[in-house]
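The letters A, B, C and D name the chains in turn, as written, and every chain counts its residues from 1.
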């Protein structure tokens, strides 16, 4: 009885395979003498976790940690003295602004691999030029800088403009909006790996979309961001805070969230 | 005279380095006995190309090729017979819909490495289950399938649900919206490379954001998508069309654009 | 005065650069507006550790752990019961031989990334065919098999012959010697990495030279070696023993050493 | 009847799987609901090409191109003027020696990906220090230098000693023999890939064994070897000659062969 059922089932598989096979790509050429059945390459376990996406692109999904939603800077502290609150200014319950000279700010929580979303706008009043205009930056693991700059009609060295991995990789294109508009960075960041003896195992990598346009395509990050000299990975480290740089310009920020990967 | 100026310039550099150095990360430990100057790691040429981003996330940037904007299917042909127009139906000058049984559709143009954006919605009326519900797919280079399915409250094998590289990689999470809503895929696709003798050199890779949520993180694509058996790269190929699958369900599509990388 | 000296020094650098530049490749095109000096890309620290190589190729260098030098099996235990000695037979104080039916043997020590050297010879008397002739194998981390087989005039499936990563990667070429001769495998093995949550981070990779001929070129190992079905990485693990397989044939082994990487 | 046979066959498979499963690793956990049979993962075609290895390690295998076997320099030309013969000196029908001041030599044939073997010895009479002692180098594709130096009891900058990718990667260890002995380099070289628009696609990579000891482990080569400044890939190129450097020292060479990969 059971065998009969098995045979019927088997025939069904063969037929199904033929029908579906036409809809999908054709079956492979002779790679194995004994053909498989479709079910042999179906993986059911474990079930994929459900995440509710944000209402529109850029909104945080259900599993994101909200780092800033307009209301407060509770997720941030002073970079100079992490025991003190973040010294920057919230505006209109909507965004916050660098207070020049107050120093950078850092997340309270530490992160490694992550999907990160941030929105920023250069100061409304255009002043300065090259690196002097709208300069700030996102430091992943407090070390590796994704540059923020007002790169709208503002030439500087290519590996120092908005969207560059500072002094490491120029962005693929310049997708910067004007200082009166908001920009987004959507980042997929992979932390560096270190061996037990402290040596680098694999470099950090980063992919960045700037206003939805790909500007960094899974590039290696060649080490800690230095203003002078070659970048390197001088010592092992684990998860660390994300910092925003005070470079003396009133850059604005809003809608910051992160997902651990 | 010139020397005096040089020395002043030099002092300025040193001072500038010290000031800026504090704002950025500190200078590296002893990696080279002779220190550099900041300008030595500034790359100015060539200037980075400007791209105007779309008005909001999901909108095509200025250098995108528009594959569908609601008006017509002029960029598409019948997959079965590329000399014939795409046999699917435009609705409300807004989106188009699979005409079940008419066969898939393909782009007229061929593509390799690309950033690709597409929006899709499962049929409004929920029918069937598992692979039978809202099934379609995007075939990069007419071979490698990013699965489209109604995976909202619809369990199937994990490597066959929405956002999977079909029978290759399950999505990291299930970020599917309900059939009454629109979904987005934002894809960074790298084509496989082949050697002159036809052998595979490097596999294709893919990164996918589903409704803004990372679901494929730079994974290798292990070969042509087969319904039965192991995937492989049986022969070399160049750029090729992108196809959308007719799997018998009235899946809807809108706002499709692509950027060559 | 100092300035004068500086300028002379500077001229000397420029001249030196020109002279040396001719001996090496030419200097780069305009990548940075301010040229470097040669010393700026010289890294002196830390000094590179000295290793005394073996007398001839195949001999163990000074930092190798000797796993077998002809004298004893003290570095090995029974795979079935690691509390028991390795049940295989030393011959002529030169090599050892599988004792069919006694089970595999494993190293006492555990290893991860390594450079590994082993010599082996198929049974002198040729019996059986395909997988039945001279079958054994090296299991890195007790899981990932580099196949040993008598592949001299003995056809089998390509991903199961000598030098294959069993049922994963066929060797690039068949460099097997006759059963009356000794073969060498020189292996560069990189262990898989796992995330803290137990998921695979990066696959193991392997490079193999068979009798000095490259047969595996830094390929990914796709998971635990299974005789049936698809390979995978079901769970995280650390360093583990290296095992040699008892597959019922009297394969011979000698000169086994390993360097931790 | 057929069904009965099928069921018997099926039982046989199950049993076989159990028996073989013990000899190999165990079967995988629940990755697919329908188990495979062993034959389904056996790939038979195409048959792997046979190569006869050299008699001992270091000897050229049957598919190698012999670049020097002691008899003549017919495979080499002057680097300065490729229309002229290689200006170096053959000694004792065994090896050849740099003629300082005559310029480098290059292969007549061009190569890309390859397995490369070379033997070299520093000048017998020890003179000079640091970069001045026994300096030469192998330039893959006439651009990327694997350094040759007398690094036996001769400190220099780590990324410039024997076995370094010059001013790019220091060797993992210093496995240099004395000037009265011969050294071997066994190299696995992968050429850089370029896109059609001339941009770099993937960097070159290299693995080097120095006297059988791993000194470069599949590292990226970061561009053309420059004596001054940062290395880069300024333009696309195809296969190219391999050159040996005249750096003013009487370095000796013998037994050079290459296999295209």
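In this section, contacts are C-beta pairs under 8 Å (C-beta built on N, C-alpha and C of every residue); 3 or more make two chains touch, one makes a residue touch a chain.
Here the structure is a predicted model, which is why all the values come from computation and not from measurement.
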| item | value |
| --- | --- |
| Between B-C and A-C, the pair joined by more C-beta contacts | B-C |
| Centroid spacing, where centroids are CA-atom means, of chain B and chain C in whole angstrom | 37 |
| Residue list for chain C, restricted to those that touch at least two other chains | 31-32, 35-37, 40-45, 229-230 |
| Touch-based graph of the chains, sorted into line, ring, star, complete or other | complete |
| Touch list for chain D against partner chain B, complex | 40-41, 193, 201-202, 230 |
| Complex contact set, residues of chain C against chain D | 17, 20-21, 23-29, 31-32, 35-38, 40-54, 56-59, 61, 63, 115, 117, 139, 143, 145, 155, 157-161, 166-167, 170-175, 177, 184, 186, 188, 205, 207, 209-214, 217-218, 224-232, 234, 245-248, 259, 261 |
| Chain B-touching residues of chain C, taken from the complex the two chains share | 3-4, 6-7, 30-37, 39-45, 230 |
